[in-house]
Amino acid sequence: MALALQTFPTVRDANAALKVAGTRYLGGGTLVVRAANEGDVAVSGLVRSTDPALSAVEIADGRVRIGASVTMAAIARHAELGALAKAARAVGGPAVRNMATVGGNLFAPAPYGDFAVALLALDAMVSTDDGELPVETFLGGRDNSRAIVTSVSFALPKDDGFRFLKVSRIKPKGVSVLSIAVVLEQAGNGTISSARIALGCMADRPVRARAAEKALLGKTLDPNGIAAALGAAGEGTSPITDPIASAWYRAEVLPVHLGRLLLS
Amino acid sequence: MTIRRGRGVAAINYPTGMNLGGDPTQALVHSTPTGNFMVTLSSVDLGQGMKQIMAQICAETIGVPTDRVVVDTADTDTGPHCMGTFASRGTHRAGNAVIQAAREARQVMLEVAAEELEVNASDLETDGQGNILVKGAPQKSISIFDVALSAHFKRGRSISGRGMFLIPRSYPEKETGAMKPSTCYAHACTVAEVEVDDETGEVTVLTVKNVFEIGRALNPKMVEQQLVGGSWMGISHALYETTEPYYPNRDHGGTDFNQYLMPGPGDLAETEIIVLERPSADGPYGAKGPGEMCANPQIPAVANAVFDAVGVRIDTLPITPERILRALKAQAN
Amino acid sequence: MELRKSYFADVRKDDLHEIGQGRPRLDSPGHVTGKTAFFADRNFPGMLHLKMVRSPHHHARIRSIDTSEAEKHPGVVKVLTARDVPHNVYTILILIQIGPEDETVLADGKVRWKGEAVVAVLAETERAAKEAAAKVKVDYEVLPAVFDMEEALKPGAPIVNEYHGQNYYLYDSGECRKVRFGDVEAGFAGADHVLEQSYQSSPIEHAPTETTGCVVMPEGNDRFTCYTNTQAMFFTLDNTSIILQMPGSKLHFVGGTVGGGFGGKVDVIVEPIAILGAKLTGRPVSFIYSREEEMQISSPRAAEKVVIKDGVMKDGRIIARKVTGYTDAGAYSRHSPYGAQKGAGHYPGPYTIPNVWIDTYCVYTNRTPSSAMRGFGVTIGDFALEVQMDKLARLIGMDPLEFRFINAYRDGDMKAHRQPTEGAALIECMQEASRAANWPVAEKYMAMSSYKKEA
Amino acid sequence: MAKVPVQFTLNGSEKAEFVDSGTTLLNALRDKIGDTSPKGGCQQGTCGACSVIVDGELRLSCLTLAETCNGAAITTTSGLAEGGVLHPLQRAFLDTFATQCGFCTPGMIMAAKVLLDHTPNPSREDVVEALSGNICRCTGYEPIIQAVLTAARANSQSAA
């Protein structure tokens, strides 16, 4: 059977069509068309929606809502999303970034999904027609998620409040050994008042480093201040082993790279 | 974090050809009615530039500019036998066959010219621009265009030649291993300079200085292409490449260019290439085969540089950050 | 790049017109305009697409193959199994009398590596071929597999390939290719230091940007034109002729424009089965490896293990070198027996050593068959040799570059495989490297010459 | 099988074909329209050999469905030369000997063209980033980087 594509103006109709077994949603194509090209015959039909809301970026009252079809390239060049540009540029090469979408990145298995790591640190909300879910909850249940993601939303971090690092063996473009996103708030005396740290490749999907976050509270950003956090960085993680690196290596260098990111 | 710097050297040689199997290649050369030359082969151009080099070799031998030569390869209905493009044999074997074929064609061409000019063929020479001149009396000349027309339409001659180059098979002596595995050897010496991050095991190759001795650079620009690309591949082999990252465990083999690692355009070492030419006795215009050799010396040079930088030996390829980090941790204990 | 014309100027005449000129490549205009015709750029009406059903097991007995559902799948035109292949058991180097035939075009009763071809499906579209391939049912009895060369050589190891009967290639010289020169044990006994070290590599992929493949057109005259990216036209034609029991006059191969090879396209893998498909269907057939197949199914550079034992004197002379090399052929020979033997002819490297002992083994394991790659039989050996040289120099407290000058071969020196050295140039390469890298060595080394007469 | 219409401009000329639904742009261009300049190196989006320009943006034609390009303006390497005169990038690839096997070349030229269209005077880092999705196994990249920088210089000189 050919791989038929159905196009719907509304997400609602697309959601209905997705109920057919073997049907997958077509975002940028970097995951699902690749799977079909590689012989995944379980993919028998594709559905997409041309709803303009999926391609919108709205910024109001310090919060941003990014439509699920917005590409990494669009985020990277968006004047008001400069803080996120580094994370968006971490995905693929130029052509991939022109295709890969925010919605698709939420489904990308490790070592892919670097932007989802950023969304996790930003504590984003993921919207579908069924409602909104915290990104962490969404990622946990993504394997069984059938509803089309329509947008993600989060509070825009302050200029220096968001840090992102992708460690890759190949430059400038390569998949992750690991990626780290950090959202920090500091009190007037410089001590850390709030910290969210998200990790890529430290499990099959992005995970929070809660022990490290906790260990940063009340500390200053210097080698002594972050030492406990680095020691706890790997707690609760189960790094992947793949052709890029072993779980052992990822676990070994996570504190090194987290330390460099925090002190950068 | 400490970035440690080190440098390493390696020197190698590399055999041309596959003498242990017997190593023939044949070529045909003929002229068209207007004095262009067709080289017919079944040799394969993998991107290294076989077609261009065979054209230059034929042109040099016949005595015409390269743009007067067309290379027709590889069609088994028309091209005579070639073992194939491997074992650094393409230029060497096919080049020798083309020279022989072109010499035979040149001889006919000079004979026809001699008849037209009413001199002895042995008194003629080519000027490399498409003319045949009488030695010592260059005002007496004829164009190869006119010679070819004469051969085809007046004299009934075929300006053509057959070339065959065969290295007979060498059978290794059972007990001593006495054998002739190759015809000639190319040489290289590489010095690599690296930085190693001793907290992550990551290696950056800063510079590679490669000296290659390749017999004769038939086309220096194309030699440069191969040597630069080969040097990159050598570094790639040293630090990145494997289809079985956990060998001999078969799991986690890469299936795409994201998982199969090679240095990207942002990972390039500053690369210097110096070429020496000691013409080989049996190569076409002295050429040896540099295409494979050029990717070898960087591997041990980088390995030795890593040791020089951080004092650990990684004797297993590729020299990954993980292997270095494990060795550094073992060293610290 | 710089040409250093001062070296060897006395033996070289630079009086040529076309040779030595950096002429533009006549193929480049086609490349930059996208007009160069690679094999896959030929598309014929009615062309069928061939997809391979591959073994999911490293080593297994095939109890049964059921292709009935696949044959009924819409768009499927032909399904091929071992019994369709006239001469199914072959080996590439039989053309130069290096046997035995040890590999199946399509698996017959057994698979010996994960990814081995079992059933070929020809369909109107790639999609239909893939869907039908998924419907082929193969009943396997999984057998113990061996992946480690040392394990494979132990008594009682699972036999990988019955056509050999043991897990190594049997040369006329026995279980390995041997080189014996001088008295290596006496050399070790007289050495100031003896150093034995072991080196290891894993398989490496050629990774050409164009994957292996061919397009076959049945002509009206009972001949078959095969557009291919093989690196060896007649090697492929002649092997195809044997496999298909078809006179070579029926076969017409067109190639010579290849999107990178690096040794990865010397195996005869895609052409015979594609031509068979074209013969049995009367239709054009395309068989092009996916990138995954190129990465994991096509032959890689063999993994190698190299053990080097050296005897060295305090003054820097290496007086004995023993090398034991192991080439991991995977499940079938392909070119590996040649590569292992080429290694025997390459050791002990470009150095003059009076006592040499070399054993090179070609070992079978249950992995993707390996074959030739750029530097075949030499690349990993050079890694081992040159790291060993670095270790030896440091062991005796000598500069690594100077240490190489002391041992470098020169014209007339007898090599271990009993050929006198001709045309040496190692010393000059090292001298130039010393200058270029600002790595000074003693003046006496800069005064040396490969001609073996000191300047 | 359901056929769907695809209609777009390719290098300035109108193209209309019926293809199987789900056909990639790469296959539509190569098999239906006969433009074989985009190459299928992986069909995974990891090699860049199939790169084309769709409405000014670099795309991987192997992961783009042809029917999603209706109404688009598509540029491929085969359409760059005008009246037999090579595009400055093509000229530069020749002059710097930046092609060996040539299989990656059309994709490289596409990636470079998008860069120069937006950034006429790129830095080396810009070039490296622009080529980062394209694999070359022959050249070691340096000659290709030099080709793009050379083309940029030629452009700025001819504009001056």
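When the chains are written out, they are named A, B, C and D in that same order, and each has its own residue count from 1.
The criterion applied here is as follows: a contact is a pair of C-beta atoms (placed from the backbone, for glycine too) under 8 Å apart; a residue touches a chain by one contact, two chains touch by 3 or more.
Source: prediction; values computed, not measured.
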Self-check item: Neighbouring chains shared between chain C and chain D, ordered by label
Solution: A, B
Quiz item: Which chain has its C-alpha centroid at the greatest distance from the C-alpha centroid of chain C?
Solution: A
Quiz item: Taking contacts as defined above, which has more of them, A-D or B-C?
Solution: B-C
Quiz item: Which chain, with its centre taken as the mean C-alpha position, is closest to the global C-alpha centre?
Solution: C
Exercise. Averaged over CA atoms, how far is the centre of chain B from the centre of chain D? Could you give it in whole Å?
Key: 30
Self-check item: Between chain C and chain B, distance of the C-alpha-averaged centres to the nearest whole Å
Solution: 17
Self-check item: Distance from chain B to chain A - Cα centre to Cα centre, in angstrom
Solution: 47
Exercise. At least two other chains touched by the same residue of chain B: list those residues.
Key: 46-47, 49, 221-222, 224, 228, 230, 233, 245, 253-254, 256-258, 260, 262, 264-266
Self-check item: Sequence positions of chain D contacting 2 or more other chains
Solution: 20, 22, 42-44, 46-47, 97, 100-103, 128-129, 132, 135, 137-138
Quiz item: Can you list the residues of chain A that touch 2 or more other chains?
Solution: 1-3, 38, 172-173
Exercise. Considering only which chains touch which, label the overall pattern as line, ring, star, complete or other.
Key: complete
Quiz item: Which chain D residues qualify as touching chain B in the complex?
Solution: 42, 44, 46-47, 97, 100-103, 127-129, 131-132, 135, 137-145
Quiz item: Quick one: in the complex, what on chain B touches chain D?
Solution: 46-49, 221-222, 224-226, 228-233, 256-258, 262, 264-266, 268, 271
Self-check item: chain C residues touching chain D - in the complex, by the definition given at the top
Solution: 24-25, 27-38, 40-41, 43, 125, 127, 206-211, 258-260, 262, 288, 290-291
Quiz item: Within the complex, which stretch of chain C touches chain B?
Solution: 1-5, 7-8, 11-12, 16-27, 58, 93, 96, 98, 114, 147-149, 172-174, 177-181, 197-205, 207, 230-235, 237, 251-263, 265-266, 291-292, 295-296, 300, 303, 338, 341-342, 344-346, 349-350, 358, 365, 367-368, 372, 374-376, 378-380, 382-387, 389-391, 400-401, 404, 408-409, 416-419, 422-426, 428-430, 432-433, 436-437, 439, 450
Practice problem: Provide the residue numbers of chain B that touch chain C in the complex, in ascending order. | Solution: 7-15, 18, 20-22, 42-47, 49-52, 55-57, 59-60, 63, 65-66, 71, 73-77, 79, 81-87, 128, 169, 172, 174-182, 184-185, 187-191, 209, 211-213, 215-224, 227-228, 230, 233, 237-238, 241-245, 247-250, 253-257, 260, 262, 272-281, 285-286, 291-293, 295-297, 299-301, 303-304, 307, 313, 315-318
